[in-house]
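Okay, handing you the structure first.
Lettered A, B, C, D, E, F and G in written order, each chain numbered from 1.
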Amino acid sequence: MSQAQANSTMGKRPLMALQRAINMQVRVRLKNMLEYRGRLINVDSYMNLFLDEAFEHQKDGRVSEKLGRVVIRGNNVLYIVLGDEALI
Amino acid sequence: MSQAQANSTMGKRPLMALQRAINMQVRVRLKNMLEYRGRLINVDSYMNLFLDEAFEHQKDGRVSEKLGRVVIRGNNVLYIVLGDEALI
Amino acid sequence: MSQAQANSTMGKRPLMALQRAINMQVRVRLKNMLEYRGRLINVDSYMNLFLDEAFEHQKDGRVSEKLGRVVIRGNNVLYIVLGDEALI
Amino acid sequence: MSQAQANSTMGKRPLMALQRAINMQVRVRLKNMLEYRGRLINVDSYMNLFLDEAFEHQKDGRVSEKLGRVVIRGNNVLYIVLGDEALI
Amino acid sequence: MSQAQANSTMGKRPLMALQRAINMQVRVRLKNMLEYRGRLINVDSYMNLFLDEAFEHQKDGRVSEKLGRVVIRGNNVLYIVLGDEALI
Amino acid sequence: MSQAQANSTMGKRPLMALQRAINMQVRVRLKNMLEYRGRLINVDSYMNLFLDEAFEHQKDGRVSEKLGRVVIRGNNVLYIVLGDEALI
Amino acid sequence: MSQAQANSTMGKRPLMALQRAINMQVRVRLKNMLEYRGRLINVDSYMNLFLDEAFEHQKDGRVSEKLGRVVIRGNNVLYIVLGDEALI
């Protein structure tokens, strides 16, 4: 594998994909099935997330609370939606 | 990335965001959905929190108990609200 | 054991099997019994998964949501189906 | 930050706050919502606690059992109340 | 203990017993009581398992799904049956 | 702090308190609320316990089973009662 | 402490007690309250167990399944009964 190929593969690693989503809109589903939508300010390797303009959504999608700036502890995360599907 | 840029990114990391909230009002939601509001005295990298003037709130927002000075074990934390939304 | 045999055994290790499934269709069952089907972009040693064109399926197989590009936190994973059975 | 300031910040870290509460009355809420009140003899970095003159209290505050000298395993801890609110 | 005795004891360690079962039929019971039967391709020290020709069985033994090639995350494992009882 | 004071503090640490209880009667409450009473033969830093003459007690205190010599895995422990209250 | 005393204490540590039970009959209670009885072939420091001639027993003691040779993942273990009480 060339250095260029290795870099390309690294850039696709799950934690790197999260790094590339910084400043973008994300949807974070937690284990308790609540969902948090907001702009990703930063994320660390444990998947601790720092969001801005965040809202809590119930399972049916309804907003239940405005949270604003919030740090979510990574061990609660089920999945994080990036890209177009995070914009709805 | 310049040193200045690196510092700026580091300062946005989730754990650094918590450090910057020291002495400010925060809202801490635990996995059991109870919420603790108070002034953040300190926090460590495991998200153990030391709060002062803390109150326990039920899911519906009602105060259920005054706790005063309290150390919350980090592994129970779901999320921590910083900034304006922590002031309500 | 010869070097060739050692390489052959290593290539069959669970985490290597996941690496070989990159760019292929996979089915990921989580502990909460929800299932995610999509193309595996990358996976790390913690089983954090980065999927594209992902859909959430209920226990009965019905699609409940389109997720698109999604990072699934590895500790939620029950199992990952590779190969032909992942294509249904 | 001066050395004096650094020491002052360290002294406020959650685990240091617990160290300073040694020999004082504390209230320990566990994840199962039972509460233990007693004098803190010692505590380690995992939040394992050694209490003396400890009593178990139900969620409604009633004493359910006298325990006397007891070691509580740290991973069960939800929070620890220090200071005046621990004296009730 | 002689070197021969030490080798003999090591070969009986739980993780070594799993290594010796490679290419054999196994029954894997998970914490959620679902059972997976198939041929063990490989296993690592975390008990991540790579099975081929795998089927999911309900608690009563009935097959509920064909999975084919599947990687099971080790932390879900309750026990793994080796030998004759894995052949039924 | 003098060396003598440091030694005195160390001797009160939770894990040291358990070491000092070796050969004494203890009451071990597990997370599932079952209780085990017996003589503590030994304990390690993970709170794995080796008891002799052990009995299992239901929540209401009734003996449900004689276990004799038993090793309890530490991660199940809620608390361990030492001293007089362990003698009832 | 003399070397002889130190060896004597080490031999009583919980994990050493399990090592001494190799080739003997044991009763293994899991967190889900199912019990496995069989001859202990080997055990590691994580309490992964390798049993032979193993049977699964329901809470009421009835045999529910013959398992034969089985590896039990250590994190599921509640306790392990050694000695005479393991022979019933």
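Simple rule for what comes next: a contact is a pair of C-beta atoms (placed from the backbone, for glycine too) under 8 Å apart; a residue touches a chain by one contact, two chains touch by 3 or more.
Note that the structure is predicted; figures quoted are calculated from it, not measured.
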**Request:** Based on which chains touch which, give the shortest step count from chain C to chain D.
**Result:** 3
**Request:** Using the contact definition stated above, find the chains touching both chain E and chain F.
**Result:** G
**Message:** As a quick test, compute the distance in whole Å between the mean CA positions of chain E and chain G.
**Reply:** 19
**Asked** Counting in whole Å, what is the centre-to-centre distance of chain D and chain G, each centre being its mean C-alpha position?
**Response** 35
**Request:** For chain G, write out the residues touching at least two other chains, lowest number first.
**Result:** 75
**Item:** Ring walk, chain A to chain B and onward
**Value:** A, B, D, F, G, E, C
**Fill in**
Per the touch rule above, chain C residues touching chain E in the complex are 9, 12-15, 17-18, 31, 47, 74-75, 77-86
**Request:** Under the touch definition given earlier, write down the residues of chain F that touch chain G in their complex.
**Result:** 30, 32, 36, 41-44, 48-50, 66-73, 75-76
